[in-house]
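Two complexes follow with chain A in common, the first pairing it with chain B and the second with chain C.
Then we have the complex of A and B:
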């Protein structure tokens, strides 16, 4: 019998959805196993239809995106109520996502930049009619409601999502690996003698050799190995979009201590190599970091 | 006598993005107001700042997972414009291959998964069946041909960009990864099947257009300005000048991306977080423009490739130029799908596509301002960044494709709502029997 599934999008880019659609012909096997009760991108059921379902009546709930608006918060809570198994789907959902980087600023600064100061704006105002209003800052979904399954990635690969769905459809556990991207990476590693960090437009990244060894910041060593090392395999540094391993550890702290161990540089010089440590070390997971939490506390905020 | 009432459709389905619709009806069903409420935004303009500028092309794709390639490329072009860098020709070809592949898959998914359910089952079918899962059940052959086009596009992007969603290989000064001859040959082999499926799509689109011609030519016909990129007057989605056409069909502006602030106005509505972009010299709301497929087909003199040109000519014979018919967006989408397929073939047959001379090695950041424009499937997309001497991004302005359409969507919804609620147009419009009865 098909299992009931709801797919909800909070503030997001829809990429996790697209990655499910990218199963292509594989969709023809999966779709018949699913009874879709909510998926606004694809079917015509409305929010009220989801709200009207009995609690815990949906077998699987997939939540993409993070809570940037109060409507997102509402939808997340409704999903939790209606679904037996709730999946935090993608790095936005688990860690806050790339938009979590906005936690470096106060909401007021964000609003002003977008609606008041942008150079093309001709009649500045902050929209408020029939509008949900924003959350003060982004809090990862698992800190707001209990999430039963975590599937990181920005986006998770189509195969990742299929694996998770298959496990859920067959009542098997879905466990995350303890491997890193380095463990999946075909680049040849040598002993590291990094004397200087280069920016990725500088020179030429040589194919076949470890990118970090060549002095470019590649975060494979601190990042969950689930993507098949997609980026380093084509001589492009890993930016850590799948978040840290183990899953809820502090990505930046891991990266900094590891870099300290391999770079043959004075601490000050090492620090100077990364003028934007937050963006460089917490690409999709700043909202989940200790640093962001401290900033939130300073502002006296909950979500 | 009817009471005043508000109809709210929340969320608007079969689109990506957070949209709800509010229709306010007065007594006697007079349409008083239409709001297209876009209820989310994530503030990329702000949090792009303070980062090394070469990171922007990695961050920006996350603005849209359906069209990350245009963001990746508009972003890298903005950085290159600010730093005064010109990538090697072979790198530009790879980028174009990637964006044409996206155009192909996005247009296919839009036509088959988002729009077709209405045409296949009829606009009044039960919502429970008016979706792609039902198309799959009732028309499996059509579904397979749709999926094959999407798959071709998405997997070709992956071969060039490493990831189909949020590609990573474009970098200031070129590309980080060459296309291997092996991969190129693999794709060339699939070209005949692609064209077979594209041709079938064109035939299906024509059938649908002819069946619904009464609706298409009468409902939601909405004169506006139009904006799109053209390269010497030819429809181009990777580079060129921005052209604006007035409602009367006259070209009112044709400018280089860097001059955009003279022409782009951004109206902030009180009821949407997505702002309304319009033709500034004409003021708001007179200057409301639309972007996306129909707009590009309106502003361009012609298409870049022969089969697409034939298709455009057929379309214009039917609906004229400019066409203000909102439903012709679907038709124009198919015209562009053909051009994307033809471009992909041309590029794959070009020996330079497998060149490894794809990256400059002497890129230097400098202080400057750069604008990068490409066409995303849903319209003209603009990234504008300011760099300091160290190449840190100190300021960003983004005009995403969709925002060029929001005011136009409201305007055409208003037209349609008046026709439906006030003139009872649904009683007189000729609707064909649905392709599939449910």
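Then we have the complex of A and C:
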């Protein structure tokens, strides 16, 4: 019997969906086993269609994106009610995503920056009519509702999503690895003596050799190894988009701890290498960090 | 620290608390070889210091995972003090210097996140410097009193 599945999009880039669709003919392996009951990205479903379903009548719910609007929050809660197994799908869903970086500022500042002060704005006004309203703070979905399965990545690779779906369809567990991107990476490593950190546009990264050893911030050591080290394999530093491994409590803390050990630099010089530490160390998971949670508590985090 | 030195300060703390003054809660990570020994010396020498610090002994400041510090703030500590051996004196050669690099990045991060960077502080105090240690604690308490309580706690 086919399992009923709902796929919902909160505030996000829909890249996780894109990654799923990128399976192309591989989709044929899973689609016959799935009965799609809600997937507005692809089929014209409305929120009311989902709301009309009996509670816990959907086997698998995939939630992509995080709650930037009150409508997102509502949709997340409805998904939780309707689905037996809820999957936090992608780094937006698990950690808050890139939009979690906005937690550095209060909502008022964000709205003014975007709708009033932005250089290209010709009709400055903050939209408030026929709008669901914004949330004050990005809170990772697993802190709002219980999520049964976590599938990180920005986006998770097509194979990651296929693996998770296959596990769910065959009632197998889908556990996250404690290994890191470095553990999956084919680059040749040496003992680290980093005397200077370069920005990615400075000089050329040499192929075949560890990118961090060459003085570029490659976050493979602090990042969950699930993508197959796809960025360093093509000579591009890992930005840490899969977030920390389940045994690390805070991505930035792990990164700072490691940098202190491998950088042979004066402290001030080390600091000067990272003008935007939040952006560099928490690309997709700032909302899940201790510091952001502290701001969230200050803001009262109502949802 | 001896119970006696704690005793003296506790009664004065009770008095200040009764007046409704803000009493910062400070978590102090002290390395076993220098600062913890320094704190011990301060206690046995009956030096006076405010009772606001909860001391956590670690083998080396180089062993302190940055997440311990952030977690302490997240759980409501008003300030976190890290006290280690003077540069060059580390029992494990360079753990304190690693901490110094980490600390500089951490302070930068804390500031970028909108918290007062003085909520975290790094000091050096040797096993013989009970006085330096107590002055460090006193100065930390004064700094945090100026900044005010950690807002996480108020909710």
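As a working rule, the second predicted complex is superposed on the first by the 295 of 303 C-alpha atoms of A that agree within 3 Å, B and C clash if a C-alpha of one lies under 4 Å from a C-alpha of the other, contacts with A are read in each partner's own complex, and residues count from 1 in each chain.
FYI, a contact is a pair of C-beta atoms (placed from the backbone, for glycine too) under 8 Å apart; a residue touches a chain by one contact, two chains touch by 3 or more.
Bear in mind the structure is a predicted one, so any value in this text is a computation, not a measurement.
Shared-chain residue A:294: touches chain C; no touch with chain B. Contact with chain C, but none with chain B, is seen for A:259 once the two complexes are overlaid on the shared chain.
When the two structures are aligned on the shared chain, A:104 is found in touch with chain B and with chain C.
Looking at the shared chain after the overlay, A:2 reaches neither chain B nor chain C. In the superposition on chain A, A:281 makes contact with chain C only, while chain B stays out of contact range.
If you count the residues of chain A touched by chain B and by chain C, you find the higher number for B.
Of the two partner chains, neither chain B nor chain C is touched by A:52. In the superposition on chain A, contact is made by A:250 with chain C only, not with chain B.
Across the superposed pair, chain B and chain C both touch chain A at residues 104, 276. Those residues of chain A that touch chain B in the shared complex are 9, 11-19, 21-22, 24-25, 27-28, 31, 36, 40-48, 68-69, 71-72, 97-99, 101-102, 104-105, 109-110, 113-115, 118-132, 154-155, 199-205, 230-231, 233-236, 239, 241, 275-276, 279-280, 283. Chain contact summary for the complex, chain A toward chain C: residues 104, 248-250, 252-254, 256-257, 259-261, 263, 265, 267-268, 270-271, 274, 276-278, 281, 289-295, 297-298, 300. Put simply, chain B touches chain A in their complex at residues 9-18, 20, 22, 35, 37, 39-47, 50-52, 54-55, 58-59, 61-66, 68, 109, 113, 127-128, 130-133, 136, 143-144, 147-148, 150-151, 154, 162-166, 168-169, 171-173, 176-177, 260-261, 264-273, 275, 277, 280, 284, 359, 361, 363, 390-392, 397, 399.
Taken together, the chain C residues at the contact with chain A in this complex read 65-67, 69-71, 73-74, 98-106, 108-110, 112-115, 151-152, 155.
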